[in-house]
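Several structures are given next for inspection.
Two complexes come next, and they have one chain in common, chain A, joined by chain B in the first and chain C in the second.
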Partner chain A sequence: MKRRKLKRGWMLALCAAAIVPLAAIPLGWFALTDAAMVGQTRDQKTPYTSIVPTGDDYYLLRQLNTRVELAARGATRSLYEEGDEMAGMYLSGASYIEDMTVADSSMQQYLQDVLDSLSYGRVLPSEWLATIRAEIGYWGSQIYYSTDTLGFVRLAAFGGENQEICLLDLEVESLTGKVVSLWASTEETHPIDVGNTLLAWVELNELDGLGDWAVPVGTDYEQSGLYSQNGQALMTCATGMDDSIWTQLGRSERHYFSLQLGPRDLEVSQ
Partner chain B sequence: MTKLRKALGLALVPVLLTACGQNAPAATPETADTAETAVTWTMGNLEPLPWANDRGYYFLEFHSFDGNGRWPYYLVSRVDFDTGEVTPVCNKPGCSHDGTDCLAFSDINYAEDTIIPMEDGSVLLYHQADSTEVSQDKQEQYGYYLDYEEARVVEYPGEAGRKYVEAVYESAGQPSYVDRISADGLTRERLAVLPDDLGTYLKCWDGQALYGSLLSGNLDIITENCGVRVGLDGKVSYFDLPDPYYTEVLSGCGPYLLLSHTSSPVDLRTMYLYGNYNAFYTLREQADQECWLYDPVQGTTQKLDLPHENLTNFVGMGDRIVYTAVEDGEQWIYIYDLTTGETELGIQGSGSMIIKLIPAVGRQPRYVWAYPQGQPALVDIDTGNWWTSDELMEMTGLDPGRYELGNALCETRDGRLLLQLYDMSRIPTENVYTTIPSPALTEGLNLTQQALEEEARLLEKAAEGVDVPQEVAEP
Partner chain C sequence: MRFSEKLVCTILLVVVTFFALGGSALLYGDFQDRLSSLADQEQNRHDMLCYTLENEILTLHRQGEAVTESGLRDFCADLLDPAEGGPAQLAALYRTDGDAGQGAVYSCLPAAWEKTALPGSDQRMILRSGDSLWRVYCTDLLDDWTLVSAYDLSEAFDARSRSLQRFLLLEAAVVIGAAAAAAIFSRRLIRPLAVLNQASRRIAAGDYALRTDVRTDDEIGQLSQSFDRMAAAVQDKVAALELSVQQREDFMGAFTHELKTPMTGILGYADLLRSMRPDPAEQREAARAIYHEAHRLESLSGKLLQLLHLDEEELTLEPVSLDKAVNQAVKAARPALEQNGHARVEAISTGLWVQGDTDLLCDLVLNLITNAAKAGPGGTITVSAQQVGKAVLLRVRDHGCGIPADQLARVTEPFYMVDKSRARKQGGSGLGLALCSRIAQAHGGTLTIDSAPGKGTAVTVTLQAVPAPEEGGAL
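And now, the complex of A and B:
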């Protein structure tokens, strides 16, 4: 009996002696491979790339991309054709006075606050804001608005004897409250500082995280724009003559101020 | 022992897994996109499309199924330079040239069809299909009349009506294509089929292929645009254009495609798509038209630095570009020489001037139809000389009380100019065709410097008693 116990004890000890070194095999293996690796260089097959923000990371740019894509489709075909998917229906908002809605006092206040926010944000120069307000006041213009199905709100004011002059056309993305375009036609003009205006607008639109806003050298927008390759987005600020209105004396000599943010794929000179 | 093997096996599992992990294949970069747009062809010397060969000048001739202008259709027809006679390019025995089975049949609409006569006498016809939506509507509508004879005889009575309905239905089912009609007019084969929903505009060729663009959009904006090459072997290739939303292929000049580019400080296309129309139309009118030279094989673009702004239109002619510009409120025609990089020859004009190129057989075109000093006239861009409609009419020797000049159509290889006239004594007026000696060749003063030099060379050679090859005698 005692001998059997002793035999079992020996067996257990033998098993333990066999198993314990086995458990150490991985440790030994790693130690050996690590030792073999030390001092060697190896190329990585997939190079490391840092995470770069894109336009899709920004709600505002996603909305603008979708809007331009759907509006472009609508420009060449019917809104809806048999066989189309239900998703992706886009209705643009009215642009002409006869199809727009007269703004009530709350919408008028909204416009004033949006203009103020642009001015406080150093995007709309205060003298331009004063001139725009003076024009609207001079013509006693009502404010009109319309909406599209993606949530952009257009606010507009018209002047002239037959409301033929578009004094102001401003579009706001309603969820974020960011202005995406502004057009003003005035009798007076003022100088603008394109570079600083656009930098301020990048900040106001919270798009500075794209990190690569730069003058699009070698493109049509070299004098008027800032471009983000990461976001595939272009911002422009321009002024010039608005001679589109005909009066009894010939073409009117008005001036325009334009801001626009939109998707764009540009080849910029290096 | 079995237990020991199991224990050893379990202990080795992590080692084996680690070893497998080290051999996992690395991901490869996606290359499909770049492969699709890679240019695998070469390009020769580009020239405007000819519209004529030594057999005559080709055009889409109006016909109607009832013979009285009702239910129209168009045939590819040729004007003979010697007789002025017009004949369809179909020689199929017994063909009455009044249906889709005629080899010369083009379409029931005067569409964007383009005729490219080849030097071997065969003719290429590029036909642009309606949009899918329009085609389907037509097939539905006219298919109904084909199915219900009772309804057809009310709306489209008689044999002429039936043929018209059949022709509309069959035409609507055709894709955009390039066909080749043989020189003997006995066969017609399909060379290439092009996408339907994009308009294809073929503008120039290099003897091996036709080049142009494939675009979609409306009157205000371009929504899709790319270059297209239709090889005469039937192979169709597409290539990128620079700044495609603002670029149109106008023509070809030597090794380049000639592009017009619309330039504005604001992205006008986005402005339009935002529905900001007041601003869009104001700025579009102010936009600059630029002239770009593009090499699709190398993918390089050269912006021409023309000494004028406000270009209104331009036409490529070999190694020259004819353009109009406004200067001090006046319209002027200028010629830019690509080889010297200089603009020469200003001709004062007025009014809205659309320049039309007059093709020439066997040489670079020398004439454009333009409006110098407000009068419609044939302008020789080699010398700047021009001839008004009245002067050209006088050269025909025909009664100006009966005939009126319509158009100058092309210059022949032997130095004649083909004119199209209206015979006003017929009701409705009829087109007649005649040739006059090419005006640039009839007046000694109008000879180009090159022609003068060539003439001097020939005289010199003749004086030396050297045989001069016949073909060099052409100025």
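And now, the complex of A and C:
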């Protein structure tokens, strides 16, 4: 009898012991689901779509666009109009040595800083920078500059007996300090990596936000350019023989290094 | 462990299991819905942050100003100023290009969250910081900036904890309620079983007339009815056994008595002859009495042997002419008929054949005619037969004294005699009808008696009819 009672007590205790963990199923359930939830990567339901910028979103390109627009209108006059309204005044910068101003020391330093920034940004190869500086030094060239009313500063150096060789022609947007064109003529040449140079220049000019810089396949710039459809802008980088210079001894055997940034609407093959 | 306790435990285990599982699923569903709803809000806030930052970057570009890390750091600090209030939010801004790829320009994320542990672009994940859980979103922005924002999920988890606490309290109440209800109902359900148990004990103790009388429309009711039927069958069987024992005791008593009565007479007359010198007339009287009693004993022993023989051996039945058997019996009954007032037998020829044993059938008819002769001395005894379907009804009718109705059932018992003194005087042993009944049973038939005191008796034996065989084919 006592044994039966003991067994009965054990069975009841066992039943109670089974009920407790069963009742605690929700606790175990959530402990397991929480553990599985933490650290698990999932795709966002509706991922954020980035703003697609245009050329107008970049000050540099907007200024270049304006300049091209004015050039297209032939509006390099003192005053230009938009419709019947007087919209503003534009004065283009001088590009000939006779109309340019001799740079003072601060301007010369400015040029050196710009060239250094190009080199530091892996846009202008150091070999080319050294050669350019050597050429300027060789000819003892003075630095000239001119500005337009949109804020573009042209810096130039000339060489040759009659200053007939344009050793350096650099155009900088003064507010941003970004280079929009570079022309250098040297006797020596150096190989360049066009693709990487252009990518570095995009980054240096902080235009990578346009996000669609690509080789303009099917155009004349396939080997030397990067094009942004969003920004409607073309960047080119090229080296080659500079056969445009004639000296007293005849055609000069010189090489050039060129960087150009400008608005352009290209039909690019997909 | 009692059955009711087993029932309660089983019900509780099932209830708790399903309640807990169902509750878990319900709470989990609600929690997921809440998380999903929060995710939508978080996604909107994250998107708004992304848009604000991209807009700032583009604004700087439009204004021709440099997008500097310090500028964006200050912008983020203002944007995510905790003093602004609103839901808790953490964020970090990374520059993912160039050498600065791994460093955070701005971050208020917990230090434990390494950049490498954070989700990739357009992904999200839940990370733990201390006791709280945060959902972290990551998106790549313009100009190789990456924004990571995190949103506190503590409110959702706290709400779930509160729901869980309420559910556990409810579950405890349900368990207690279910235990009480199960205990009450299980006791009511198994009450008939307790009645059955008690009844079986009392029946085992000898109360065979007891019945459970449980009237329910379920298996227990059916079990109770079966139990009552079994109890009735047991009661009948016990009564039959008791009757059998009684009959056996009666048989032994009657047998002893029937042996003792002639033996007493024989011993008395033998002692008279041995010890006294009776005159010749007395000697003849004593010798006649001894002969008579010895003859009764011989008859008694013969019929007993026949009864035993019938009980032990299987009969071989064959087609028998009923007329022939009856005629033989009538011839054999002549001495008995003469002793009983020259009774007359009227045997009606039928030409019927039955499946049987000729000698036994002769004995059957002889016994019936002898009994009829003893019942009504000098009367007419009618022996008739008729075929009804596949059966032949052989009937022996007399117009004698008849048998009282209350004794009809016992007249086929061995040694039972309605009027013992008359029967003994007529040389009866009380085995005649018992023998007839056994012969009828041995032929697969029955023996029935219709009688009315003072009007006579009709004994009907049912036999199996067979077609008459071809000429010379059988007896």
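Criterion: the second predicted complex is superposed on the first by the 204 of 270 C-alpha atoms of A that agree within 3 Å, B and C clash if a C-alpha of one lies under 4 Å from a C-alpha of the other, contacts with A are read in each partner's own complex, and residues count from 1 in each chain.
As a working rule, contacts are C-beta pairs under 8 Å (C-beta built on N, C-alpha and C of every residue); 3 or more make two chains touch, one makes a residue touch a chain.
All figures in this text were calculated on a predicted structure; none of them were measured in a lab.
Novice: Which partner chains sit in contact with A:Asn162 here, chain B, chain C, both or neither? Use first/second/both/neither.
Specialist: neither
Novice: Just checking: does A:Asp208 make contact with chain B only, chain C only, both, or neither of them? Give me first, second, both or neither.
Specialist: A:Asp208 contacts chain C only, not chain B.
Novice: Scan A:Ser106 for contacts with chain B and chain C and give back first, second, both or neither.
Specialist: Touch partners of A:Ser106: none, neither chain B nor chain C.
Novice: For A:Trp29, is the partner it touches chain B (first), chain C (second), both, or none of the two (neither)?
Specialist: Both partners.
Novice: Does the superposition put A:Arg67 against chain B (first), chain C (second), both, or neither?
Specialist: In the superposition, A:Arg67 touches chain B alone.
Novice: After the superposition on A, what does A:Pro47 contact: first (chain B), second (chain C), both or neither?
Specialist: In the superposition, A:Pro47 contacts chain C only.
Novice: Who does A:Ala18 touch here: chain B (first), chain C (second), both, or neither?
Specialist: After superposition on chain A, A:Ala18 lies in contact with both partners, chain B and chain C.
Novice: What is the shared patch of chain A, the residues that chain B and chain C both contact?
Specialist: 18-19, 22-23, 25-26, 29, 45-46
Novice: Note which residues of chain B are touching chain A in the complex, please.
Specialist: It is residues 4, 7-8, 11-12, 14-15, 18, 26-27, 131, 133, 216-218, 220-221, 223, 242-243, 246, 263-267, 270-279, 281-283, 285-286 of chain B that touch chain A.
Novice: Could you pull out which chain C residues touch chain A in their complex?
Specialist: Touch list, chain C to chain A: 1-2, 5, 9, 12-13, 16-17, 20-21, 23-24, 27-28, 31, 39-40, 43, 46-47, 50-51, 54-55, 57-58, 61-67, 97, 117, 119-120, 122-128, 133, 137, 139-144, 160, 164, 167-168, 171-172, 175.
Novice: Would you mind writing out the residues of chain A in touch with chain B in their complex?
Specialist: On the chain A side, the touching residues are 18-19, 22-23, 25-26, 29, 45-46, 67-68, 71-73, 75-78, 81, 92-96, 148, 152, 154, 166, 169, 171, 180-181, 183, 185, 220-221, 223-225, 234, 236, 238, 240-244, 256, 258, 260, 262-264, 267.
Novice: Report the residues of chain A in contact with chain C in the complex, numbered from low to high.
Specialist: 7-8, 11-12, 15, 18-19, 22-27, 29-30, 33-34, 37-48, 50-51, 53, 56-60, 62-63, 173, 175-176, 203, 206, 208-209, 211
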